[in-house]
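Naming follows writing order (A, B and C), and every chain is counted from residue 1.
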């Protein structure tokens, strides 16, 4: 067992994937010599060569579009988008081409590519580097969308995403890249299936569902809540499309209350879908309406204000208290 | 030999007709697909039309100079193949807002099939505002819309159930939010309410029924209790309050003393799984026979008591000290202890043993409403042969009741709760209650009392036992 | 010099060079650099660089070019008529562009891969795609019904220019497979990316030039400049002749007479050979004309003069080839009639095939969304099946 950062865990996972399958290549800006602006691809070009770790021109639509061409030719590209806010030039290629090519071809084409996106705020950055745009892609049929929250998940999920024959948008919690966690690199434990949620912390009174960078915030909130006598069950959703509603529903049937937390704006965020689905599935179990805790409905503010914008432990616990008040 | 017809296509915006200008073919001519066969004129331009099939012209169906409506067949062509194709009427054209006349087939102009042409496809079409007919004739799964302010209907509306309705054994009461709120407002513990919805879902009716009293006393327990003049100490009151002993209080006291210190009281208890009784109650509540009368577990207890009394007549009797006789009665006048505005009363239902379940229910309802109004007559309170006292409405399990004067037995009916119970070797959640029977040991020995209590319990445990003993 | 003045750059800008770049439309159609081997009148002319690339063509090959163009024009005409009769939602006609598509299509080797737009019915024909498969998309039955890997012909891409990036990426894949510059004519492969003059304005197309140049990818960019992007003339897309833009990205550009099947064949072959041998990308601008409308409901009379169309009729690709085949006795009357007959039969086949094309089963819309099972898709499929079954009538 060793302690490893999320960034290094993803690096290790990609390394394993590339060792296993010579068709796996990584394409992105500054990923070669520099090792990526978050060092997630560090040393990979040194070991696998420029053929397989491809520094691309500075054009995101081009990265995704040429990756599609590579995939058509039989390769399994991992695309690195440097920051969440930079994915928008590639939005057309992702939504119109990556997502639709398989149904368009009646199943004759598959695009087994992974698009890795560092997501979320809390890094004190300038504009466009702290976005949470997972709802756009989760809403796009034809894509699969996952979000890891810890090193162990990061290590296994990136490998599973590469192995999937479907295109996967892989969100990485950028403010957690350098946070360490346990990972048994030599461990033989079978990893959790990619598209399943997990109970990160069991509880009795309230279900708190979240993903990505907010998982740690919610776990901390649960620890504080326990001191107040409130037992919170924290669910790490891990997969946003498809959504593992079974795990959420089972939990809500036990607790009767659900709070969903994410950095993305509350309005029309992932919480809206989960709230609607759970309201339908667990109607007779609900003691309170589903409470959502998310960012405000405004563009991500300047870094001096981001702590006011981001849902933090206090806002999460306020949401829990609102649910318990019913 | 199949004769096919070509209809006049829509020539343009808002126009429903065109003039035949020149026929380019005549009867007997051979035509190939896409041959231009006719020139028509719209308000603005001449349009040449190509024929969509090949063959021999058999008839020109419109004359030059004639104005023809869109959709009218204008030419018949025998295509030399089998099967006539009937002319198909062209549906009404979708029109746009533009006043400009646009050539058919160009953007904004008319397109085949009654659509408006667009750059990239067939174009929008006119749709009818109509529902497609469904199989089986009836509207599928349409819930009866019920005003929440109206009296609850005996039958719950049909509800489309969600895919996963958990088993009732999950331990949580299932209820939708408005029902939960109602329960909270009425002070009802949802987990104690038997749910009549699918999968054990607690409905509004269930909560209201429960609030009216599971095994209620003759009076509406909750509401009536509030009226009972319990002493209330104001903030600045004296340390003691002196209440004159008179009226019902005096009479009650005398009766209690007389009973308690004359008849040697013995009380026996039995704990019963009454799940089947509760199910019966649920069923009866939706039964047309009991549509407009209150059905509660107390009704079943009353019936059980009556049946048990017939089986054990010795308990339905009186110790007549003066005559030195035990009077065994051949009738059951069933008394129900009631807390009324005036105090404790025990009106009885005459000849309860002669009544059907429905009649018993009506008699109990009548007794309840009369008592609630404080109008119980003395005649109603005399001549009772056996009594039930209901402590369950207070949530109390059981007690050692004092015999009603002149009677040999009194049954104490407690709260009905969800309790773990062993059923076929497994622990399950069942509806369980305690029955307490006090009897006069001068004339009722333990065996009689026990047998009687056991019989009551047996019927409550399995109401079909009434069929055997009835 | 005072502080307020700015030093002039050391090299003065050559005004004449600039003027030459933004030259007015030259009198010679397509400009002096236009590559042509067959005049509109059907006469053979030579080109110092490209004549060599048709030296190996046989008479049968030439007759084949004629047959290809006639048949695909006939299919195109039939599809246009079918649209007018409501059998297709729309049709994008290639009328006038047959030589550009057949000439380039026939230069491809089997292992080469083609990325079309949505008008390359002539290239599809050369690649062996059944014309009926093209109609499915325009009829609304599917989004493209053929297997791209069967004919190395990608599905039609409706998003303008998006396919040029896919083509470049595919070419990068060929490089990764070491199928470039080996010298083995059956192994070395190249990609051809088709797009129009309008597409050259799209970011994706320009990015594909960037990537192709940076990676030295074996991709031939084939622009059919048919002068019109719906209603916009090519001048709205590019201030400079399109083929000259390649220079700005660092690779060669050639303008060819798009209505001259011999020249198109020659230039495309040269470009593909170069790409296969590892010399990287090239841009070919096939100078041609969109004789019909953008799609069937477009009305060109709203934005262009019919006189222009009449002028281009005199440059018809099929007529000039027929004239040449006749005058050089490489084909006779019997041959031409046989081709006409074949065209008529093909038209009937296409018509009948179109009319009898079945509508897709409603439930099939849930197929092929993902490779692996997806719980939401399966749940919705089941829900839709139950919903459909709840209605009276046939389903």
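Basically, a residue touches a chain if its C-beta (ideal position, glycine included) is under 8 Å from a C-beta of that chain, and two chains touch if they have at least 3 such contacts.
This one's a predicted model, so the numbers in the text were calculated from it and none came from an experiment.
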Chain occupying the most central position, where position means C-alpha average: A
Pair with more cross-chain C-beta pairs in contact, given A-B and B-C: B-C
Rounded Å distance between chain A and chain C, as computed from the means of their C-alpha atoms: 40
Separation of chain A from chain B, taking each centre as the mean of its C-alpha atoms, in whole Å: 45
Centroid distance [mean C-alpha coordinates] between chain C and chain B, Å: 67
Shared interface positions of chain B, touching two or more other chains: none
Residues within chain A bordering two or more other chains: none
Complex interface listing, chain B residues touching chain A: 162-166, 170, 172, 174-177, 180, 201
Residues of chain A defined as touching chain C within the complex: 25, 51, 56-57, 59, 61-62, 64-75, 89, 92-93, 96-97, 100-110, 112, 141-142, 144, 164-166, 241-243
Chain A partner contacts - residues on chain C that touch it in the complex: 142-145, 147-149, 154-155, 157, 159, 162, 164-174, 176-177, 203-204, 207-208, 210-211, 214, 367-372, 374-376
Residues on chain A engaged by chain B in the complex (per definition of touch): 249, 253-254, 256, 280-281, 283-287, 289
Interfacial residue positions of chain C with respect to chain B in the complex: 77-78, 81, 84-86, 89-90, 140, 230, 294-299, 347, 351, 389-393
